[in-house]
Every structure is written in structure tokens, then in C-alpha cells.
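Several structures are given next for inspection.
What follows is subunit A paired twice: with subunit B in the first complex and subunit C in the second.
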Partner chain A sequence: MLEIQGLSIEFQDVNPPFLAVQDFFLSMNSGEIVGIVGESGSGKTMTSLALMGLLKRQAKITSGSMMFLGEDLLSKSQKEWQALRGKEISMIFQEPMTSLNPVLTIGRQMEESLRLHTKMEAKERKKKALDMMSQVGLAQPEKLYRCYPHQLSGGMRQRVMIGSALIGNPKLMIADEPTTALDVTIQAQILSLLKKMNQEHGTAILFISHDLRVIQSICSRVVVMYQGKIVESGPVQTVLRSPQQAYTKKLLSAIPNRAYSLRRDRKERIESC
Partner chain B sequence: MRPKKGDFKKVKKEKNYYFISGGILVTVVTVFMLVGLFYTPYDSEAMDLSLKFAPFTLAHPFGCDQFGRDVFSRVLKGSGTTFLVAAGTLIIGGGLGTLLGLFTGYFGGWPDEVLMRFNDLVVAFPNILLALIFISILGPGKYNVILALGIVFIPSFARLVRSEVIVHRDMDYVKSVRLMGGSHLRILFVHILPNIKGTLFSALAIGFNNAVLSEAGMSYLGIGVQPPDASIGRMMSEAQAYIFAAPGSVLFPGLVMILMVLGFGLLSDGCSV
Partner chain C sequence: MLKEEPVLEVQHLCAGYGNRRKYRQVLFDVDFCLNRGEILGLVGESGCGKSTLSKTILGFVPAKSGRVVHHTSRPQMIFQDPFSSLNPGKKVGWILEEPLRMQKEKMSASERKERVEAFAERVGLDRELLARYPRDLSGGQRQRVSIAISLIQGSSLILADEPVSALDVTIQRQIMELMLKLQEELNLSYLFISHDLDVIYQMCDRVMVMEKGRIVESGPAEQIFREPQHPYTKILLESSF
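For the complex of A and B:
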């Protein structure tokens, strides 16, 4: 479904030009969940922005190709991008607290994508929005429909975001660190929600994160990025169980180990007595 | 007690006394003005020298002026003229200013620079002086006053709206509309504009007051509304010489102006609360 080959993105407003992404390969089948993992500045977000056609003016795609559903994304015009965004590819990102418009009701924002891409009647839109709200696990959708974002918690807002990204039934959803701003219990809920939506709607998810545990729990395949380059890629279990590259090993060993840190805490406490 | 799932914070609405009292005053003045458009007890321009400086009577509740014209009828008519000038000024100045501010703030770049420097130029002149220059080019009269004041009022609105738009254009909710396939125009008018309407309304109310006062000032100087048309400023300027002989013809127009300005001032405070 998605086929990225040899993608390179360069920032051309600095001298010498800064290579943000270099020779990126990715292919995704429909219904698949693929993770991109890497530290801040490794080019994960640049790649996803390129996929949405929303790179800043200074950033140029210098080589490579992106094919989506058999169409070449790189030759699309602004108008064609607008028709594609939200309809075929949608994206959610990190900050559920600020990604909803504070002065519009939840219902109004859930429907935005329908307003943009379909000619549905108001009644039909509302029905679809309410339906989607209960699908993403929001209780009392009728009541919530008329609420404003400030009345909702972070987890609820992220559910709203997911719902509004999926309401147009896109083929691909890019999730750029969707759980980073949430606490651990809510994180788990959102992850299982994403999994559920993936199974029910068949939406492929490109999951971007720096959290290896999150990637492990949701993705089938993973791409590890470092400084704009792919370091390692393959099925999650293989890559995370037996990493081949030094960087992946380092990344894995950077996960704080609970047992270890507890032991160290106790030791330090004893020593300080 | 822990709130149940689906229980939303109820936002307690306090009574907005500024808004209510401002609204009442504005309504009173508006009704007064609307009546004046269709009905005045006497012809506002009919002179009757036998009634020169007539005191307050039941037939002439506000007395008569130096030409024996009924002050009550003239105040009714005059407040309409003043209102028209102020409203016209706001439509031109507020409308164009808001549009300019929206576009320059959102898109930035060189048009923004050019327009803002031009703005600085206009702001450097005192408002009344600038309006005087326009009037001397266009010639006096009701509609030219509207045009002149309208142009003079553009920069303040453009500046205000621009600074608000700059705050909002980089917010995540704007990004998420973009990701759903919304166009720039849609973002500006459907998503950003509602966010700044509070500030805009209070600026409009203050602008209305300034326009009323400017019109009164210009008519007082003799370059605004021309006789025999009645306007609040015009009436006060004409009656000034006879303030002791016929206090009513200064007092009542002044009172109506105070009510108008106070009303809109309170409305503006109410909007910004």
C-alpha cells in the first residue's frame, strides 16, 4: 500500500545543507502496524510530515519516491494533497491538550473531516460522530457532543483526536508519539484502543515513538532510526530480542530496568545511613 | 466524592453585569435612534421663530433651539446620523482592518512587513489630523466622514487582529485541521476567527465609541456632518453659543452621547471579562 524508497530530506536554509533524513526505506501493507523508533532529532517526525505533504518550505525532498495506493505522492499538487489528507491518510500527534480548538464543541471537531471530504447532511454527520465517539470509548457521546475541550481530560481528548482522525475511514494513520504526554495507565488504554481500531477498520498505523516498550506492545515490524538513517529494521520480536546493531543495543539498554533501579535505590539508602 | 465516569465539570456562569448594563444602555439608545429614523414629533429641520429658545414644555420636552426647531426631534434624528457614521466607520475600518490583520498575521512574509510599516506610518499621525487631511481631499459631508474615519481606523484593528492571529497560527489545533485536509482560508475563518472574537468584539465596542467621539469632534469643528443635517456633535457645536439661553439643546444631545459611549464601553468590558 505504502512504498517509500530512498527518501532523503534536506534543510536548505543552512550552509552546508543539513541532511535530516537519508535514504529512508519503508513498505507497508494495509492493516499493518509499523513502528519507527529513534531519539529526538533522528528524523522520525520529518518522515511523517513528508508523508502528509506538510514539510516546511526550507525542507526539500532531494531524492527518493513515495508511492501510496499506486499514486506518486511527490508529484501531487497542493489541492490534491488537501483532498488526500484526512481522507486517505490522517495523523494524530503528541499534544492532546492543545490539538483541539478551544472554542469549538467536541462534536463540531469530530465532524471536521466529514465536512471537508464528504457531502453528508448535518444529521448523518452527527450520527456518524456519535457512533465514532462510542467506538473510541467515550461515555455519554450525546452529552460530550456539546462539550468544549477544556471540560475533558487528556486521555479523553486523545480519544477524541483518534476518533476525528478515523472518522473518514482513512487507509493509513500516522500516530506521532500519541501516548507520550499521557500517564502510564491512560497510555495502555490508548494503545489498546489503537489496536482495536486497527483490527475493526483495517486502518494501517505508522506508529512513531521513542518508547521501545510501547513499540513492542503494538507493532508487528519496527524501523530504528538514528541521525536520519535507518539503523535496523525487521519484525519487532527479532529486532528487540536480538539486536544486530550497536545503536539498537544501546537503545535497548537505555530502558530503565525496574528491578535494577529498586535494588540500587535500596543500596543507596543503606549507604547514606 | 470521586466524580463518576462521564461526569463533566459544570462551568458555573457568573452574571456578567458589565455586559447586561451595557446591553441595556445600548438597547435604549438604539431604540431611540430607530424611532428617529421613522418618526419624529416635528420635522427636525422646520424652523419656527416664534418658538425660539422655547423652554421645556409638554409639546417640546427638550425645548427649542435658536431657530425654533424642536430639540427632541433633532436629537432623535441626530443620534441616528451619529450612529450611522460610527457604524459605517466600524464596517470599513473594522472590516478591512480585520481582514488585513488575519492575512498578514497568518501568512507573514514580505506583505506583512510592508503593510505593518505602512501601518506604523499611519499610526504616527494623530487620528483627527489624518481624518482632517482626508476630508480636505474628499470634501465634507456625512459619507465622506465615514470614509475618512474608516480609513483612519484600519491600522488599529489590523494590528490587534494580527497579533492575535500570530498567537494562534502555530497552535496544534491549527496543525490538526491542516492534517485533516483543511485549507488555509478555512483555518483562518472557521478555526482562528472564532478564537479571537472576544478580543475583536471588545475592540469593536471601543472603536464605536471612538468613532462617535471623532464624528462629534469633526462635526463640532464644522468639517463633519453639514447643516441642516442633525448630528450629535453638530447640534452641540451650534448650540454652544446659546448654552445659557437654551440649555436643553446642549444638554440632551450630550446626554444621548454619554449614554451611547457608556453603553458601548460597558459592553466592551463585558466582552473582555
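For the complex of A and C:
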């Protein structure tokens, strides 16, 4: 479904130009969940913005190709992009507070992509929005329909984001750190919601995160990025169980876990001296 | 830690927001004691009152009943997002010097400069970064700056509110190691607030679990994680990976 080959992205407003993404490869089948993992500045977000046609002017794609459903994304005009975004490819971001419009009601934002891409009547749109809101687990959709983003909690806002990204039934959803700002219990809910949506609607998800724990729980394949380059990729279990690259090993060992305690290990070391 | 010497006592604390007509109580009968050299973890979901507790300890939120007893001077705070807590219009060196200019005991400019450089080194900040603005720093470096700010007046009690939650795992590890190193060198006490149970496990001696403004369970970290008693603690532990 999606085929990215040799993609390189360069920032040309600095001298010498800064290569943000270098020779990126990815192919995705429909209905698949693939993870991109790496620390900040590793180029994961740049790659996803390129996929949405949302790169800033200073960032230029210098080489490579991106094919989506047999169409070349790189040759698309602004207008063609607009027809694609929200309909075929949609995106959810880390911080739902900054990416929802604070002066529009939840209902209006849920319907946005229907308004843009379909000729549905207002009533029908509302029905669909309310239906989607209950699907993503928002209670009392009628009441929420008239609320504004600031009246919602972080988890609810993220549900609204997911709902409005899915309402147009896209083939591909890019999820950029969708649970990073959330508590563990809410995080678990959002992840199972994404999995459910993936199964029910067959939406492929490109899941971007720096947290390998999250990647492990949701993705079937993973791409590890470091300084703009792919250092390792493969099935999640293989990569995480027997990492080949030093960087992947470092990422894995830095995950906070309960196998040992930094604090108590240090104390023991000091006391034994 | 031979003798348990309290640096902070919170006694039957109730607090909340609003006025007499419309009051929303957030904390209910919170009672605990933090000892010198101890790292006490506070975990719970957002909205459970973790941040309100630290604000009440610092006096930003008035207590409705109960009290907070400080046995040290100048408790300090480290925040989750160092970008919004550092003045964007000032250079890092100036920001670090500010607490020294504010304090009662006057220091000469050269003494201040010396102390700023000493603490920058202590938290692992290159000296050249002192002449930069916060926006030029990475998230990890900015968190190092806020740690230095919290320590520069000689505080020994630090309230750390989600200090590593906004950072990548590799940077997170560096900051956690730094906080532990500083704790040992300066015999600091931390109230370490986080929603990340694994971070809490790695950092803390004792843990308190908070639900809807109440401490529902507390005890040594190993014990809480191995044998959680309260149903809420069990839910928390199950929903993390």
C-alpha cells in the first residue's frame, strides 16, 4: 500500500544544509501496524510530515520516492494533497490540546473531514460524528458535541483526535507519539482503542514513538531510527529480543523497568565500598 | 541513613481551590513524613492531586486544615517542562544567577559567578552553554539547568514534579542518574512525583500511591511493587507494561 524508497530530507536554510532524514525505506501493507522508534531529532517526525505533505518550506525532499496506493505522492500539487489528507491519510499528534482548534466545538472538529471530503447533509454528518464519538469511547456524545477542547481532559481530547482522524475512514493513519503525554491507565485505553480501530476498519497505522514499551505492545514491525538513518528494522519481537545494533541495545537498556533499581543498586555499591 | 531525621512533615492535610461559596477540595487527609536523604515517590493519575500536594507544600495553595512542617529552609521545585519554566529572554547564566540575586544574604558578583559555574559543572552543563538562551538547549540540558537552579541556594529538599516525563528514554536515564548522584553528594531529600511506575521503581526508597486526593497505600518501593494491597495500586500496576 505504501512504499517509501530512499527518501532523504534536507533543511536548506542552514549552511551547510542539514540532512534530517537519509535514505529512508519503508513498505507497509494495508491493515498493518508499523512502528518507528528513535529519540528526538532522529527524523521520525520529519518522515511522517513528509508523508502528509506538511513539510516546512525550508525542508526539501532531495531524493527518493513515496508511492501510496500506486500514486506518486511527491508529484502531488497542494490541491491534490488536500484531497488526500484527512480522507486517505490522516494524522494524530502528541499534544491534542495544541492540535485541536480551541474556538471550535468538538462536534465541528469531528465533522471537519466529512465537511471537506463528502457531500453529506448536516444531519447525517452529526449522526456519523456522534456514532464515531461513542466508538472511540466518549461517553455522552450529545453533550460533548457542543463542548470546547479546554473542557475536556487529556485522554478525552486524544479520543476526539483519534475519532476525527478515523471518521473519513482513511487507509493510513499516522500516529505521532499519541500516548506520550498521557497517564499509564489512559495510555493503555488509547492503545487498545487504536488496536480495535485497526481491526474493525482495517486502517493501517504508522506508529511513531520513543517508547519501546508502547511500540512492543501495538506494532508488528518496527523501524529504529538514529540521526536520520534507519539503523535496524524487522518484526518487533526479533528486533527487541535480539537487537543487532548498538543503538537499539542502548535504547532497550535505557527503558525504565522493574528488573532492577537504579537507586538501590547505587546504594549497595556505595555501602560495599 | 542511620537515624531518621524528618525534613518535611505533612499532617492531616486538606486543601483545594476556590472560595467559600464554591470550593473544590482536592486533597483529603494527606499525612506523611519525608526523611533526610530519602527519595519518596508519589504516583497517581493526572488530576489525582499530586501537583496540588507539591503546591500546598510550597505554600502556593493554602491548606484548609492540617499542616505542613518544614525542617529545612528553602524547599525547591523541579518541573516537568523546563522550557516553560525558564525565562526565554535571558541567557542561561543569568537565569542560574537569579536565585542568588534574590536571596537575603548578599553575594558579590564574582562570588555569584563562581557559584553558578560550580553548579553548572556539578549538573554536567558545559560552561559555554551559560552564554546561550534556553531555546538553544536540548530538553535534557534544560532539565539540567532547572536542577541547578533548584540547588544553587543550597536547598536540601527538592520537590520534583514529573522531572523526566517529557524526555526520551536515553536522556531520561541520564537525568535520573544525575539526580541520584546529586542526592548522594549533597544528601538531598526528594519528593519524586511521577505517573511512570517504572521510573518510580528505579528511583525511590518509599512510594505513596494517590487516588482522588487520598494516599491509598504507602510503603517501601519493593514491597508496593511486589505485593500491592490496594485495588487501585493493582490497577495501576496492571495497566503499565
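Simple rule for what comes next: the second predicted complex is superposed on the first by the 261 of 273 C-alpha atoms of A that agree within 3 Å, B and C clash if a C-alpha of one lies under 4 Å from a C-alpha of the other, contacts with A are read in each partner's own complex, and residues count from 1 in each chain.
Just so it is clear, contacts are C-beta pairs under 8 Å (C-beta built on N, C-alpha and C of every residue); 3 or more make two chains touch, one makes a residue touch a chain.
Fair warning: this is a prediction, and the values are worked out from it, not measured in the lab.
Once the two complexes are overlaid on the shared chain, A:Glu112 sits against subunit B while remaining clear of subunit C. Judged by the touch definition given at the top, the superposed model places A:Val14 against neither subunit B nor subunit C.
In the superposition on chain A, contact of A:Ala83 is made with subunit B only, not with subunit C. Shared-chain residue A:Gln140: touches subunit B; no touch with subunit C. Of the two partner chains placed around the shared chain by superposition, subunit B is the only one that A:Gln151 touches, whereas subunit C remains out of contact. In the superposition on chain A, A:Leu104 makes contact with subunit B only, not with subunit C. On the side of subunit C, the complex with subunit A involves touching residues 39, 45-47, 138-139, 168-173, 176-177, 180, 184, 195-199, 201-205, 221-222, 225, 235-236, 239-241. Within the complex formed with subunit B, the residues of subunit A that make contact are 52, 54, 81-87, 90-93, 95, 98-104, 112-113, 116-117, 139-140, 143-144, 147, 151-152, 161, 164-165, 168. Touching subunit C in their complex are the following residues of subunit A: 39-40, 153-154, 183-188, 210-214, 216-217, 250-251, 254-258, 260-264, 266, 270.
The touching residues of subunit B, when paired with subunit A in their complex, are 5-6, 8-9, 11, 171-173, 175-183, 186, 191, 194-195, 197.
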